[in-house]
Amino acid sequence: MGYAAARGGLNAILTAENLVRRLRDLDPSERIELDQFTGRLRLLVDRVMGESGLWAPELAAMALRQGEGDLIEAVHLLRAYKSTLGRLDTAIPVHANDIQLVRRVVPAFREPGGPQILGRSTDYTARMLTTTDRDIVDANDSTITLDTALKTRPGNSRMSDVLRDMDLLVDRRRTDDPEPFDITRTPAKPPAPRSALLSSMARAETGALVNQWYRNILGPDGYLHEVTLGEVRHGKLPINVRHPMTGGSVNIGSFRATEVEAIEDLNGSEEDRTRFDVGYGFCFGHNERKAIAMANLDIACYRDGAKSGLEQSLLMTTDGLDSAGFLEHLKLPHYVTFRSMVERKVAVRRVADGKN
Amino acid sequence: MSDTQIEAAELSARFLDLHESQTVFRLLLDALSQPGKVFHLPAELVARIPVVEVPILALLGYDTPFSLVSGDSSREHLIARATSGRIVEPAVAAYVGVCDSRIDLLPMGLCLGTSMRPDTAAQVSVQVNGIFTSATESTATLHVSGPGVETTNHVSCDGATTGELDFLLRRDWTAPRGLDMWIIGVDGSFIGIPRTSHVSAGPSWKKGVS
Amino acid sequence: MTLEATVNSSPTTIAELVGHRTTETFALRDEESKREIRRALLQAVCIPGYQVPFGSREMPVARGWGSGGLQVTLACVGADDAVKVIDQGDDEGVNAVNLRRLVTMSTGIDETTEVDEATLIQSRHRIPEDDMNENHILILQVPVPEPLRGIERDIRELARMHSEADYSRMWVSLYEDKVRNGVITQSTGYPCLVASRYIVATTPIPRWDIPRLHQSKFLTLFGAGREKRVYAIPPYTDVEPLTFEDVPFEVESADGATCRLCGSSESFLVEMPGKQESWSCSDTAWCRRQRNT
Amino acid sequence: MSREDICSSLACSDAVALETLINSLIARGTIANIEMIRPPSTGTIQMQVREPICEERFIVGDALVTIAEVSVNGTLGWAMRLGGDANAAVAAAVADAHIARVGLEGVPELAELISYTQLELNRTEEREWTEIRETIIDFEELD
């Protein structure tokens, strides 16, 4: 067919791609193994899975390696890969109460029902850059053992239940069990059900969500005030599916998630001043920043109703691939549109000169 | 053949492979963008599947609400199994197949969409007993005009039985609400009539009355 | 199958049983998501100019880089199609090259620079100069599908304005522009009324291309991947640029300039800054043909 | 042990160990007449969470899984495992079918793998909790 000889566009692209591959793959250092990502850069892997909306640690590691550690690039690779896969089934919905805790912090009470578990945390670690290898842990180091610590895992009481028992919580529990909104099948736009908002925030770029939160605290158009955190949790939840031949539930493994409850002091004139309300955050992996921002924004959006643009901001501006893709498209050739703009400048000037 | 063998054969006939569904989609797209122009479903599919089901089988996906108004619910179940579409009442279906067009439901009893979301209107495949061919102004059964038509498309439908095409003249909606239809003849010849088309009876409207 | 046959053909390892996994894929996407776009496109052609939402998926190109156009092309393409892809009118633009290789790589279909040979033409920012007909589908990549965003940001209000065809504020804004500047300064993506009902964003193509959408012989499909919308202009449909009776719609003028390569003054010309005789055709395939005939 | 419990264990067992074991059972003729009903396919399953404030479900994302269905001597077997390992999924489906046919006591090797998998899971749990419980903030009683 009539395809003219390439004028260099394709050649330039292929060479540019090759340069990336050469510098990445032929670096004199050892190639990073996938288990090094999942083992040593777990928080990075967790962020990629969360922002991709896909629990697949090994694929996330591959994406990070291929994308040279660029988070957005890794998320793009993982989501584009997901686009080629069919959806095989829906897991049996898991209740947040089924979380098996590895960390739980309850700022709202000194001694909440159940323990405060610091878990694996650097919250209180001095941020001092370790410049030598001296501090690397020896495998033989044993941790201190306390006899007073719980021998078995504690039950799963949560602050929202405690507040409910104290009759200090507005009861918003639904009994109609609506089908959750699927933001990957139908684009979410206002007005949208809360399940669309929660899904959007769970998949949002962490930085974008943190910024939405901070901007609403300190920015010119603040819609939220600071909450008291009831729960900050990290733990494991089961993935259960139905055996097609028996109809019974099969546990095929688990995923980790961060969960947050944000207690809101209701102070609006129309609101119940004798009670609190709670916002909820939940995302894949260990990512407390994101879950805290999400919980606070969830309750802020609920209280706001449709008064401000907060819902639209959350639904439509927090996806990392949307914003990054559109930003970077500015690098594409724009000379046709620019030519048209120049022509209008000349036209306006001609009219102005004619008048003067 | 046993009942289950017959059922298996009926089911496997209804799986459109990815090339078949792409081919059918392009025909359906062409038909709705060029209303009143005659197109033909692939002969292989016409031989294999009841023609009214072909558009539905090509378009349905997981959980897409559809309805087949046929008086034979087993056909509806076969479509559901072949496509993972969801069987619903005709009034709320996104895709509807109508085997006999002389029903009251057609067209105003089906989902016409809303002014906010006109894209929630149903798209309907209707079977008639005629054969569609292009015609001239003086021989046409139908005249079709509106977006997609340069002036007027003239089409004839030979063999349609009494009242079969009457629904085409009962179009009491205001676009953007309304139904889009593929009207399919026994041989797989068909025309698209989107909600925006103007349809009027031609000189041979009453011809073919049985 | 007899018992004996089963035994004889029985695999001896799991690996053998699994064998070479062949799942047929054509055009990158799973069948389910292609059908979803097709359903949206069929609504779009029936409601000319209305933006139909669809569940845009991630493509191997970034959102904003033609992912919407690419999804539309891949939903439409069949084994017998031939595709032409241009960016700024140029088949060799880096983005055009990239999108074209994705389409051809995943389908094995023919590629061409000639409008005559193409059935699907995907483009960013231009409509080819050549005449097209009922056998062509033009697929335009859309960065911002909402024509009213400049005057209204609230999604709910925008939905209301479209549903009631309440476009008065759009007219006011054009009028103010005219009064302030003496001309309507909208350069590309000029707002147009389609089939006397919906205002659409014309991707951004230059105003030069707008008259070619009016009562065109070909179908135009618009894909906005990031904003998850598709819309369409069927053939033989009215497309009227918004303007006032005493302010005729103006396409770009180049003040009598001609292409330095083919000498034409009848195509959309782009400029090289600071040079004499610095104009050339933006449609490179068209320009080449002018030189050769 | 219920069939579901067995499948849960097979879903979590070591991929190499499982595949090797099934291969040796095939080689010895213990398992024969395997037919592929649904070839292994890697895809996603939708993950819904019910949150505690409004008791509402929402979709947190998907998980990557591989699914397979087989029949062994006419008995159907099914497996779904996290990740993209097709061989492991088929091996698990063969194990499911075979155990459904002859019972767990009929294949001691598989029974052993399953109980070992359970043991390992429990051990991991215990180890994890032993470490974590040391981080519990212990308050003196405020009497």
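Points to keep in mind about this one:
Per-chain numbering from 1; labels A, B, C and D assigned in written order.
Everything that follows uses one rule, which is that a residue touches a chain if its C-beta (ideal position, glycine included) is under 8 Å from a C-beta of that chain, and two chains touch if they have at least 3 such contacts.
All values derive from a computational prediction rather than experimental measurement.
Contact with both chain B and chain C is made by no chain of the assembly. When the C-beta pairs in contact are tallied for A-C and for C-D, the bigger tally goes to A-C. Comparing the CA-atom centres of all chains against that of chain A, the greatest distance is found for B. If you average the CA atoms of chain C and of chain D, the two centres end up 47 Å from each other.
Inter-chain centre distance (chain A to chain C, centres taken as mean C-alpha positions): 32 Å.
Computed from the mean C-alpha positions, the centre of chain A lies at a distance of 44 Å from the centre of chain B. Counting partner chains per residue, chain A has residues 82, 85-87, 182 touching two or more of them.
In chain C, the residues that reach two or more other chains under the touch definition are 32, 36, 53. Among the residues of chain B, those touching two or more other chains are numbered 62. Contacts between chains, counted with the stated touch criterion, involve the pairs A-C, A-D, B-C, C-D. Residue ranges of chain C in contact with chain A, taken from their complex: 25, 28-30, 32-33, 36, 53-60, 62-65, 67, 82, 87-98, 101, 110-114, 117, 124-126, 143, 153-156, 181-183, 185-189, 204-208, 226-229, 250, 252-254, 268-271, 282, 285, 288.
Every residue of chain A that touches chain C in the complex is listed here, in rising order: 1-4, 6-10, 12-13, 76, 79-80, 82-87, 182, 184-187, 189-191, 306, 309, 312, 316, 321-322, 324-329, 332-337, 339-344, 347-348, 351-352, 354-355. For chain A in complex with chain D, the touching residues are 49-50, 52-56, 58-59, 82, 85-91, 93-97, 102-103, 110-111, 115-121, 143-146, 148-153, 158, 160-161, 172-175, 177-183, 194-195, 198-199, 202-203, 237, 239, 241, 243-246, 248-253, 255, 257, 261, 278-280, 282-284. Remark: chain B residues 18-19, 21-23, 25-26, 28-29, 32-34, 58-62, 64, 94, 115-116, 118-119, 121, 123, 147-150, 175-176, 180, 194-196 touch chain C in the complex.
Chain C contributes residues 24, 26, 31-32, 34-36, 38-48, 50, 52-53, 75-79, 134, 159-160, 163-164, 195, 197-198, 215, 219, 232, 234-238 to its touches with chain B in the complex.
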